[in-house]
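Heads up, the next two complexes both have subunit A, just with different partners, subunit B and then subunit C.
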Partner chain A sequence: MTAGTITPHQSGQGGRGGFAALLHAEWTKFRTVRGWVIAMVIAALVTVGFGLIGQESCGTANNAACTLPLGPGGEAVADSFYFVRQPLAGNGSITVRMTSLTGLIPDRAAGSRVPAGSRANTADMHRGLEPWSDAGIIIEQSTSQGAGYAAMMVTGTHGVRMQYDYTGDVAGLPGVVSAASPRWLRLTRSGDTITGYDSADGTAWTRVGSATLPGLPSTVQAGLFAASPQFTQVTSASLGGSTAVGGPTLATGTFDHVGVAGRWTGGWRGTDIGQNAMYPQAPGGFRQAGDRFTVTGSGEIAPDVPGSGGGVDISQALVGTFAGLIVVVVVGTMFITAEYRRGLIRTTLTASPRRGQVVAAKAVVTGLVTFAVGLVAAAVALPVVERHIRAGGSFIDPVSMLTQVRLVAGTAALLAVAAVLAVAIGAVLRRSAVAVTVVIVVIMAPYILGSVLSGGVSQWLLRLTPAAGFAIQQAYPKYPQLGIDYASASGYYPLAPWAGFAVLCAWAAAALVLAIFLVRRRDA
Partner chain B sequence: MEATIEVAGLRKRFGAALALDGMSFTVRPGQVTGFVGPNGAGKSTTMRVILGLDHADEGSALIGGRRYVSLRRPLSHVGSLLDAAALQPSRSARNHLLWLAHSQGLTARRVDEVTEQAGLAGVIRRKAGGYSLGMRQRLGIAAALLGDPPVLMMDEPFNGMDPEGIVWMRGFLRSLAAQGRAVLVSSHLMSELEGSADHLIVVGRGHVIADTSVRDLIASASGDRVALRTTAGPKAAAVLEYAGAIVAAAGPDVFTVSGLAAEQVVRLLGEAGLPFSEVSAHRVSLEEAYLELTRDAVEFRAVADPEVAR
Partner chain C sequence: MTAELAGLPGAVHAEWTKLRTIAGPSWLLAATVIVTVAAGAAADATARCRSGAVCSVDPAKLSLTGIEVGQALVAILAVLAVSNEYSTGMILLTLTAMPHRAAVLAAKAAVVTGLVLAAGTVAVLGSVLAGRLILPGHGFTAARGFGSLSLGDWPVLRAAAGSVLYLALIALLSLGVAAVVRESGFAIGVVLGLLYLFPILAGVVTSPQWERHLQQIAPMIAGLDIQATTGLHALPLSPWAGLGVLAAWAAGALLAGGLVLWRRDA
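And now, the complex of A and B:
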């Protein structure tokens, strides 16, 4: 070879260049450090493993239900109330006037845990209503558990409502019912459609809403009902949760001007519907004098709230995500801070002088590897831990296939984006110990505080910090008509699943932009 | 691509310290260029600027006429070895070369080739953390050769090498230059470069003190002085002084002649018929020549040398 011009070795060979080559290089880096590979396996193992320990089982102190009925939408439901009914064949309607709704709730002094399924001792109760104690009229597909229905009701503090198929809820007239301010309610059935009306005077009627109950049989069960949900008194809230005591409550509705149209047959019969372990009922009953009825009942017609004493939350199967996330963010951080520690970053930037692309390639490789690991871990954890929980005798509130896919893919995405955030913070801070600490504090601290603290602070932490991303693991929708304090209920987040995840993504994107800016500007 | 490094007017300040103060030089193909100067003279900083790792406040550094950051597969233009210790200790040496190869779109076959060239074939699958400094230098050389680049740049490659390694490195650098590559090798110890460098860029306090071939440097440091031994002292002095030389007595029958080459001294004395028993060029070593040059530029003479102590 002569002095002067030299032809570079591989010119003309058309080797891979650009970003694809950079991704290939970063992937080679990742897979050739055994500690990182082992750590990712551990991340998967702890994600599955944590779900297998400490799960509540049927009949323990947490009162996990052994089984629950399913509503028409496939969700676990509570379906218990006192029903004064007649069969109605074909189309028809029922109209009533309500003049009072009263109730009994347990005395606080006597409010130790009431064993599941037991009947309330009315001697230990005093007058009072739960906000969602209710009484009114109802048309049910059948008297079996989880049957489709539509109902018009007056409630303790939420006015007149039309509710149907456990999850539907429409507000009607506001205010509290009394003899001076009665409420007229009407339900009409026409084919599969049931329409609810209310009125203050029995003359001027307002349509509240209508519900379509697919497959409604020609003969339905219709009539009067009363229900009153479990009374709960939270006695202490401390790290690790709260202790609640409670017991069954009773509601009594007073009806008159009971009128029906259509083919009603057989006379009025009273029935306790849906007693089960989770919804202990107080004794219900009714009295009739002409078209005047008083109906007393207990229980709830509503979707179950897992974790609050009903079934088990399916996202419990992914409780190990927390541990897996710590491992993947440590690996993600080290993936770049280790290069700064060793001075290897100079070699990297010499091989690839486009620094923004280097940071991006590290983020992409870390994100993809973590997503793949998270996908496997979550896809294994969900069925395995589910089986484990069921083997303990507990009932898991079912979710749709789509929700299960979202839980698995969302968990993988949550881990992946958190790892990308860790890479970015690592690039910004450059020192392993500092960066790992910051990443853990930024993601885990708000999550832990958000779960432990109650009230506004925790809600804002779970809205604004990267921990908002955990919302992707919320398995069940929130129902405002349940009167649940979702802010302190475990498994629920202030933001919708994808909105919470978007907050985490925004953090990761912002951190990446800052990282690219700094890595470009700084001397290496 | 022209195998050159062109550095022009580099200036860089780290806080109060001026690291580069108008550094300018050109490295040409086909020879080993030594980049020498005391610690802190700006050698490493200059190399980092050439590689786009540090940003200069002023000036330019071009590889074959292009800025490093604009090179698409830079390792096929410049191979560099800055810090042999910059390795992930738990990654094997081979995998270190492999990710570098992948970053350039090169394959594992090229890794095997440079492994062979650097003499690491037997130990390449060991973890880099277990490598001695000398082995790390060889690994760094292998990495620099991956892209078969026309320009090579190495910062203190002799550090930590055993005598056998130093001999190997000298020969290796010369063979790379003989292939027509431009080779820039920095060292703070001139003796390491003796026998391998053809050209020298001597720096101090952030700028170039001398940019010269090794031959010229030694000649100028020797100052064209000739040692003369003769019994006809006064007559010889008169002849030589007449020809423009300065003659000084250096002992009985020994004189130092400056201003004339040894061949001229021999010719003049021969023409005058004067006897002499020895005429020899007074040569200094490369080390002495370098020390003379950098006498004013040494900033940390009294301070223990951390790189030597390491």
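And now, the complex of A and C:
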């Protein structure tokens, strides 16, 4: 390839040597057109720069928390509930019977946004439960927010659950708790292991699950709890944002037959955990009469992910991807349509009669150049915008290093495959305006329409269209135990990251095959 | 100025002949109508108002969802009306025959606007009809507070007529951008970037002030405020003010296009 001499028989060499020469030729075309080089620089700049717009400090912002506690796994968590507790030294167990779970949710008429940190007025509430309102028994490492725990609980509509360390969730007995259909719950501690049981009658017990909490101190805080997550309802969804009303909710659990085994000391005490959290709280409390308890609480014990109201999504640092995408689609399309427009394609095809290889070489060059530019842009954008958001005082929900690597490499790959798709569609349609529009609309319209179409349709569009590729930028898992709407606007996609990316790749591959087929058959 | 205006009818006739005699524009206009109505009907058909739930849907806006896709085809039409002449070199002939360059752009704008208004009217009427037929079957009934979509209601008429004007303004914006950028691929990239990037950016900014400002200046978001028939007090701009923002974008683009056309060699 570096040989300076002219080898007239190059076309006869065939195979890889021929394709390598073709790649070299296309690379030369790409880098010597000043407009394309400038465009790629612009693509990198907008990919970084877009994320720097409009970030503001916590408190004043829509949903940006100033700081959140971290759970045992390093993830941000929401940890606020009402806790009726006693210290338990060493191994032991607690058993209760629950006969009801009721609650209060805000009236719709009063449903204006409740300012963060303020307390709710129960006069503006009516009876009702959130699906994940819960009450039950819990063993906590300590009373500080983010402490490790394991709990058995009854929930609004999801039956009995065992949950532990914020992300763990195992289903127990289904159905709603009532006086006619009570639920018995038991937690036993043995060393670092806590095991949960449930029963409908208090005699036949079923083991629901067990959790190992490493480093559990010898004395833990254990007892009864109640929590109820924020109520939200989207009142209008439109382009570029939606408005929601909501407010804190309350859950009240009724317990009897409270029995403990082991060394419990000091009597029952009630504590509002996480009172100063940014989550609007409703006042909690408890009443005791013998072994009967009613416990009322607000808040939730769960991972915090974007969309649930706490921290900022780290993938917001890559919002510039959309701007970069438009630029690389334009460049990719014109890399081939410009040849048709100027008639250069006839020279190109005369010089290398293997027409399919010409299209393939253009796709490879465009893809590699875009990947390199995208990799640099994303690798700069992620830390720079992240620092910018943090400097504003907002809290970014942390993700693992592996996830960050996937976000950066995935963004570059997303841009590269989109550019290859643009080359292929450009070869098929030959008209740059139509080709650019087709590619941009099929990639971006499903994402944008997601905010106005009904949930089911937008989810299918994000599975089937090239827009599925954005799944590679989803930074957080979807926890089923959170009652939030996992919408694309909040950074969630219906397909797993690599599956979504594979859908985009399949579209690009299909378009490329069609392009090679047409370029071979058609007159230039 | 009078000399330029005197040549305008001839220029308009020439532009009309150019657009009429090639196949592209008629296909694009037909596609605009089909895509707009089909996307709107699809949005209607997938919306549900379940009994017991609070439905915050604006039926007129929902029926006119197709405009958000159809506008891309209108943009192609307008961009090609300018860019095709540059790519074929026809522009040299046009400007030789019509030395008043502003008149050339004005004539193109007049013809493209006329065509888009005609196609847009068909597309919007089809969309409203589809909404009228489909929505009552999906829970949007009079009993739930949703009247049948009718152009006799002033807000619905405003949404419908405004959507036609919206498409025309998108065409003018695209025309102006194409006169500045000339290459069709770049021009359409700029237009689609202006339309689609603002909503994405507005959706992710953490500052509510920024979100509101972005919604006010974005040509697509502000322009589509004209489709709102419910919850007007929550809009960042009133319907006509929103359409005015898009008109300002279109005027700015045409002005820039006119200046560039006037100053630059073809």
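Annotations
The criterion applied here is as follows: the second predicted complex is superposed on the first by the 494 of 524 C-alpha atoms of A that agree within 3 Å, B and C clash if a C-alpha of one lies under 4 Å from a C-alpha of the other, contacts with A are read in each partner's own complex, and residues count from 1 in each chain.
By definition in this document, contacts are C-beta pairs under 8 Å (C-beta built on N, C-alpha and C of every residue); 3 or more make two chains touch, one makes a residue touch a chain.
Small disclaimer: the values here were computed from a predicted structure and weren't measured.
By the touch criterion defined above, A:456 reaches subunit C but does not reach subunit B. When the two complexes are overlaid, the chain among subunit B and subunit C that reaches more residues of subunit A is C.
Using the contact criterion defined above for the overlaid structures, shared-chain residue A:349 touches subunit B, although it does not reach subunit C. Within the superposed three-chain model, A:215 lies out of touch with both subunit B and subunit C [touch as defined at top]. Of the two partner chains, neither subunit B nor subunit C is touched by A:266. By the touch criterion defined above, A:441 lies against subunit C but remains apart from subunit B after alignment on the C-alpha atoms of chain A. In the superposition on chain A, A:327 makes contact with subunit C only, while subunit B stays out of contact range. Contacts of A:523 after superposition: subunit B is touched, whereas subunit C is not reached.
In the superposition on chain A, A:290 makes contact with neither subunit B nor subunit C. In the three-chain superposition model, subunit A touches both subunit B and subunit C at residues 338. Put simply, subunit B touches subunit A in their complex at residues 1-3, 29-30, 48, 51-55, 68-69, 71-77, 80, 82-83, 85-92, 95, 98-100, 102-107, 110, 143, 147-150, 179-181. Within the complex formed with subunit C, the subunit A residues making contact are 50, 53-56, 60-64, 108, 233-241, 243, 312-313, 316, 319, 322-323, 326-327, 329-330, 333-334, 337-338, 341, 389, 392, 394, 431-437, 440-441, 444-445, 447-449, 451-454, 456-457, 489.
The part of subunit A that touches subunit B in the complex is made up of residues 1-6, 8-11, 15-18, 21-22, 24-29, 32-35, 338-339, 342-344, 346-354, 523-524. Against subunit A, in their complex, subunit C makes its touches with residues 42-43, 46-48, 54, 56, 58, 61-62, 65, 68-69, 72-73, 75-76, 79-80, 83, 87, 183-189, 192-193, 196-211, 214-215, 218, 220-221, 224, 231, 234.
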